[in-house]
Amino acid sequence: MSPCEKYRARRHFPWKMGVQIFKIIMITTQVVSGVVQRGEYYKPQKTILKDYRGVDEDDYSVAVYTQQGVYDSLFYIFDQYSQLGQLSVGPISYAEDGDEKLLPVTVCKESYKRGSIHPSDEAFDIDAQLEKGDLILLTSITQTLLLFRLIDLKITFQLKGINLQTVRSRELPDCYSFFVTITFDNQCHSGKVKIYLDIDSESSACRDWKISGTVQKNTHYLLIFDGFVILVCITSACLCSRSIVLAVKLLQRFSRYVEDNYNRKVCEDDQSEFLNGWYLLVILSDLLTIIGSILKMEIQAKSLTSYDVCSIFLGTATLLVWVGVIRYLGYFQKYNVLILTMKAAFPKVLRFCCCAGMIYLGYTFCGWIVLGPYHEKFEGLSLVAECLFSLVNGDDMFATFAQLKDKNTLVWLFSRVYLYSFISLFIYMVLSLFIALITDSYETIKKYQKDGFPLTDLQKFLREDKGFIEESIEIDVQHQYSVLCCCKRYLQYF
Amino acid sequence: MSPCEKYRARRHFPWKMGVQIFKIIMITTQVVSGVVQRGEYYKPQKTILKDYRGVDEDDYSVAVYTQQGVYDSLFYIFDQYSQLGQLSVGPISYAEDGDEKLLPVTVCKESYKRGSIHPSDEAFDIDAQLEKGDLILLTSITQTLLLFRLIDLKITFQLKGINLQTVRSRELPDCYSFFVTITFDNQCHSGKVKIYLDIDSESSACRDWKISGTVQKNTHYLLIFDGFVILVCITSACLCSRSIVLAVKLLQRFSRYVEDNYNRKVCEDDQSEFLNGWYLLVILSDLLTIIGSILKMEIQAKSLTSYDVCSIFLGTATLLVWVGVIRYLGYFQKYNVLILTMKAAFPKVLRFCCCAGMIYLGYTFCGWIVLGPYHEKFEGLSLVAECLFSLVNGDDMFATFAQLKDKNTLVWLFSRVYLYSFISLFIYMVLSLFIALITDSYETIKKYQKDGFPLTDLQKFLREDKGFIEESIEIDVQHQYSVLCCCKRYLQYF
Amino acid sequence: MSPCEKYRARRHFPWKMGVQIFKIIMITTQVVSGVVQRGEYYKPQKTILKDYRGVDEDDYSVAVYTQQGVYDSLFYIFDQYSQLGQLSVGPISYAEDGDEKLLPVTVCKESYKRGSIHPSDEAFDIDAQLEKGDLILLTSITQTLLLFRLIDLKITFQLKGINLQTVRSRELPDCYSFFVTITFDNQCHSGKVKIYLDIDSESSACRDWKISGTVQKNTHYLLIFDGFVILVCITSACLCSRSIVLAVKLLQRFSRYVEDNYNRKVCEDDQSEFLNGWYLLVILSDLLTIIGSILKMEIQAKSLTSYDVCSIFLGTATLLVWVGVIRYLGYFQKYNVLILTMKAAFPKVLRFCCCAGMIYLGYTFCGWIVLGPYHEKFEGLSLVAECLFSLVNGDDMFATFAQLKDKNTLVWLFSRVYLYSFISLFIYMVLSLFIALITDSYETIKKYQKDGFPLTDLQKFLREDKGFIEESIEIDVQHQYSVLCCCKRYLQYF
Amino acid sequence: MSPCEKYRARRHFPWKMGVQIFKIIMITTQVVSGVVQRGEYYKPQKTILKDYRGVDEDDYSVAVYTQQGVYDSLFYIFDQYSQLGQLSVGPISYAEDGDEKLLPVTVCKESYKRGSIHPSDEAFDIDAQLEKGDLILLTSITQTLLLFRLIDLKITFQLKGINLQTVRSRELPDCYSFFVTITFDNQCHSGKVKIYLDIDSESSACRDWKISGTVQKNTHYLLIFDGFVILVCITSACLCSRSIVLAVKLLQRFSRYVEDNYNRKVCEDDQSEFLNGWYLLVILSDLLTIIGSILKMEIQAKSLTSYDVCSIFLGTATLLVWVGVIRYLGYFQKYNVLILTMKAAFPKVLRFCCCAGMIYLGYTFCGWIVLGPYHEKFEGLSLVAECLFSLVNGDDMFATFAQLKDKNTLVWLFSRVYLYSFISLFIYMVLSLFIALITDSYETIKKYQKDGFPLTDLQKFLREDKGFIEESIEIDVQHQYSVLCCCKRYLQYF
């Protein structure tokens, strides 16, 4: 019975549905307003050191191939650091320790302790012990850097910044410490030195601040709204928990009855029919919203800075809340077909994914091992998985083929066989079988709708055996509802 | 009965079809000729300031990261502006006010009123009131621009241009005013100053002009053609309106008859059968064409410049007119299957889109909130929707995966779960279900064609009850057609 | 009856099949050897003027935005031309006329005859008559080029080259004349001058040549091979024509018989059953091969240079020959299902393409008109068609969406509605319906294979009526085969 | 009977399955550990000469268009070579011969012996004999290089390097010799000189080495692990071979029995039912693993360097091992449907691929011949095949269309017809037919599962004829199992 019919039949306002719809509106509002007011994140890592030569914006790494290139990069870094004040557009400066003394730049190299190599003679003499040392005098760098012995070189320094952006949205600015590490990586000794830039940031309240000329933003309303959202979610979670608890109790009583009277167990299928998956979904989404909202309030109160965790909680909650709407669409006969089809097809699809997954896993491992050194899309296990997944779903195949063009013949041949077989197998066999599965489920459900669904044991039992009902009535006169009605109502409610 | 059969049966020339076919030819001709003669649009915004350093052609924005970069950009702009005469290839110059005095360049900055920041000490003292002011002496800019206090800086000036291109197609050239705004945006105080270029253009008739050596183009023919198109469309709209009015009248009489004799209402399905959707389509397309043609004539007469609105009207009209052709294809038995299938499947598909839309919406919100700060494809709500839509339909997946690579582990994990689940769900479940829906509809229609379509109430009624017909004849002898024939003919006409 | 069975049954070697298989081998060999020996085409247009600044390799056009840019490009061209001898790597030099005098460089400008413009005053005075003139003194260019009046400027000159590449493959080198035209296009007066480079080449035999130290390549073998291919194709075409002629004769006799005895016409379906489509395919491919081979021989004999036409003929012939192989696969029962399915589905698919094509055409026109000025993929009618076709088949959708991002709101909205509706309609409705059509055809064919194909009139007739056979025997005793056998054999041969 | 049921029924531990699962874990561990410890491959070819101007990182080739460009490239190469010591970051130096003398750089040119060309006069006089010669004095290069006669110029030298990277993973470093060849290719005489860089590397043990300060890595554990993997694989292969041998013996006895008693042969289908494909798969994967592991041990012992071969063996083995897991999934009823469907559909799909392959081949040849000179994706036969394959599976179609835009009209038209027809045919007809095939197979299998599979002759025989069993019992009393049981068990085991 849908909430609508319920209302008509019993003049019983569908509280649960009302709460859910209200919740959707609330959560979406909360989330959208949060995103809109968030503005641009403070991403200093992208901007502070942007002008460092050769540091690519995308992955913060660059490669140099000559000794001169290494030294140039090195001096460029010191140069930029020394003139930070005149350089940067943002409010940033050097970090100081407690006594207002500037913290030093640390240049730390790691190299083989001793060594001489003579490639021409195919001779070398190396002390493989690692020597770590700080380079303090910058002028001595060129002398002390014997590149062939060098393993890596790390430049670390610390910067301080203030996020003035929030002043305008009438929030208190945070102070940031940036721990910058620049690594010259020569571990491979392959003639290429990679330079990485890595910035960790840490925010804290500023020690000494004064803002005038503005009213501190009234965040009360936001807090109240968030609190209200939490309240709604608690209500919703309680209502659903109550339904689940009732269902479990009913199940227990029912199974006791069956055991007493018929001496057999209630089978698992019947048991699971008492547990409504939708309720679990709603409770999960409520929990996520509550945790997310609390985190959000903490962030607004400046006692936490974990934006990501908060947004993951709230984001997932929103996703689940919207998915939950489908349940109410299922009350309409015609929408129900589709939902039932998806429900019926889901285990089959999962099962088939399992089979296909084995082949997929095999291809992933195989591609990683063989093609890894030749193609950047195959360099890591997760990369291979993504690449193959993308290929099946219509990614740029030709580019993948082309990048494997100039390699040696054996690998070329292997890559062709590998790619053709994988793509053909998955696009022509696997995808088609998915369609066959879904089509089959759809037709089954349509036939059921016409001829009636096959009765489960429980339903058969309820239809045939009136004893349970009568007994229920006898036993449960003190209860608000008779078990049977409850049982029936519960089952109808789906 | 198709127009063809009608002609054979009654020697009645199918005027309506003739008009429609004629209309298709006319509108397509009009539209194509319009596009062909339109030539290249006058897009000065792309070209005038093209040489401004750092202003990228695509999105007219660039980012600088150093103080020097900000000043350089600023002076470059003034430099280019001052030598506009020697620089530009096109007919463009400075704007003047009424007294032939050059309009000044305005440099307007907005900054915090007062402030000193000491990031090293985690201390700041800011007056958050905004101070707006025009900078007039260019030389003083470097002194007065304290970048850390700056919020934004706007340079605005005005240019004038003449679109000489139209002289060659023997139309009168328009004069354009360009309102140029260059914004240095430092709202985020994140160490990156974005520079936007924004040009609004306004066209007007030139005040003082003289063209010799050419005959003014004879636009009479074009006007006549446009007028003729309008006439045809009015005729077509009238014919269709008449059919609809007749149908509505018939419906009224029919429902009165049913109410009188059988004491029951005509159900909604039967009512809707009297309303032919194709007629509504034709009328809509006619209205769009008429409005579009009038706008086109106004544009040619230089009294309007809203090219976009005109082309949207005419474009949509063309689309509808061509879609209308399908109706006539439906008269052929074999084509009809396909059209009927699409018609039958349409509500199911819409209904299913509704369900899938909920999940889609959930994913959209979730992706926007969580991945927004990490991936440019997820920065706005409409962008996320487009990105997900593209992913389902076979866009570059790997690139999307790859751009989320270097982020922190939590977000990385979330993005993987998010993308894999979304793509699998939509490509393997949702798309397959679409195919199942369509296949099912197709088979239903094929069975109907073999065994006969199920009769609607109205058809049953018409078949069984002769009373309505006789009564109609008795009552409507003065009418041109008996209601029944009319009714039958009307229904056959579909 | 398949050739294989025929052979077993009658010890009749299947000449036709033998010829066909032999032909496939021959043509593929011919084509592959042709491509392999062709080497790299002589494409001087890509290379001679490659260093011209700003001339992009892809589409030979570049745009400049400043007056200085125009003059620089102009002088750069003259500069490069003057030092061609020291510059070019290839065997190229200036063209001479009959008297060994160098042909001049022509600089031809087209501009408005007279004009003064004052954009600031919104005033202009223009003589729209076009003035064409050659500029001879290069130094005077800057004086005479008033850019705002300029419409276009054409620089034309002629170069000569020798294609020495062929010496190595022991063919005679050709001499080439290159007619170079460089156009400065300012028709739009929009502040952007486009520069196009256009090179026409013409090959001819060199006038005066001497090659020593090598044997002239023995092209006899190639000619013999080509001649042999032609011979095989003629044989094949003759055999097939004979079959068709026999079939037509049989049809005539059969229809005469039916008319005489039963007084009715043979229906069109039955008539078409006498015409074997495969034979037509084979004859068409034979004709193409013959023409292509003759062209190839002419090219080798240096009397023709139309490589493209020749390769289109030979290429299409190869395609058809390979497609013809399917016919022989159809003799195997299990392969036949698939071929029959495709044959049965083909008309349905075509019919449906027709319907979908109407909507497609509507969208194409509409997109061209409305989005043309805003997106380069929508600039031409064929471009729009390709773009939409690509979108349906899984092209980069997001890029298409993204490029329409920064436009005005109305167009933005329209483009979203346009793209979403088009893609959804075609991917979810149209593609699914294709699948439904094919699945349906497949099942029909499978049922036929199990239960027997429905008999055509002709087959029924042959089965029932023995009169035709007897009469045939009586009449045609002098014929080699009785009509009936012939008829039966003919029909079995399919 | 699944291993699980077997265990329950007979308390017979399923050794074979245990071995297989153990093997999967072992091989995956081996492979993953191998990849993880492999680190980055030593790819000096990418890095040594990276700074050579114009040498593109992707395909190691560049083109120059002017004489000056050729000379510049040449001198740049000598320059970089001469200062290799100061340039390179990696441990690399010049090669020496046995007597510690540096090996020389060889510059070898090939050109026409004698020749003068006068393109202006369309005259040339060439001695087509090739002259090869070494250029030793670098200063004389400009004099001796008459570019128009030059065919190619090869610079070859040799470098030595040491792969120090492995010191850190406590393996012994290899010494490498790099044979560098730089080719200036002017074979086409088309005004473009292509420069290729080609590096062959050869690794060998260093002649004279000393490593101190580190313990030689204990590779015993790795060797033991590898050995253990080999052992497991041998066990697995033996178990499977035994099963196959038993099956073959059983088959022989069975066919002898049938021949003796019924005087007929066992048909091939029945024979093939005795051969379990899974066993063959397992044995194949075992063999690959064994070979791969042996190669891996050799590589670790520095006696081999063929990483590629080893990784192809191990990779393919991993793929097969994972695919083998599907067999055990097949023991579950619900998974079995899917596996059986794929098995049933496989021959149909292959057969259909055959048909489609003919058309595909035709299109491939045709595209190669006609579009080869105009589009880089059509330059080679395998490229065309990949391009078409990618297009069908959703590659960037528009880009392919667009690149064929500016060509001559005939080719443009042909390319449109070619691409539209190919894509439509394959995406709409062929892909849909795949889906029809798979859907059909799925439904067949589902019906079989409901109604029982059709019995093969063998099964019918076993069911009906008890004689074989009795006889078997009589004969094979000394055997452990009766043939029948064996036979039955064997067949159940599938």
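Should a chain be cited, it is by its letter among A, B, C and D, assigned in written order, with residues numbered from 1 in that chain.
As a convention for this text, a contact is a pair of C-beta atoms (placed from the backbone, for glycine too) under 8 Å apart; a residue touches a chain by one contact, two chains touch by 3 or more.
Each chain and its UniProt protein: A, B, C, D = Mucolipin 2.
As the structure is a computational prediction, the values presented were derived from the model and not from experiment.
Annotation: the chain A (Mucolipin 2):chain B (Mucolipin 2) pair of sequence copies touches via predominantly different residues, less than half of the used numbers being shared.
On superposing C-alpha atoms, the copy chain B (Mucolipin 2) sits rotated by 90° relative to chain C (Mucolipin 2), to the nearest 5.
For the pair chain A (Mucolipin 2) and chain B (Mucolipin 2), the distance between C-alpha centroids works out to 35 Å.
In terms of their C-alpha centroids, the spacing between chain B (Mucolipin 2) and chain D (Mucolipin 2) amounts to 49 Å. In chain A (Mucolipin 2), the positions touching at least two other chains are 393-396, 435, 437, 439. Chains touching one another, given as pairs, are A-B, A-D, B-C, C-D. Interface residues of chain A (Mucolipin 2), counted against chain D (Mucolipin 2) in their complex, comprise 64-70, 112-113, 117-129, 147-148, 151, 186-193, 348, 351-352, 354-355, 358-359, 361-363, 365-370, 372-373, 381, 391, 393-398, 401-402, 405-406, 408, 410-411, 414, 416, 420, 423-424, 427-429, 432-433, 435-437, 439-440. Interface of chain A (Mucolipin 2) with chain B (Mucolipin 2) (complex): residues 28, 31-32, 34-35, 39-44, 46-48, 50-51, 59-60, 86-96, 100, 102, 159-165, 167-168, 170, 173, 175, 204, 206-214, 307-309, 311-312, 314-316, 318-323, 325-326, 329, 334-335, 338-339, 341-342, 345-346, 349, 353, 377, 382, 386-387, 389-390, 393-396, 431, 434-435, 437-439, 441-443, 446.
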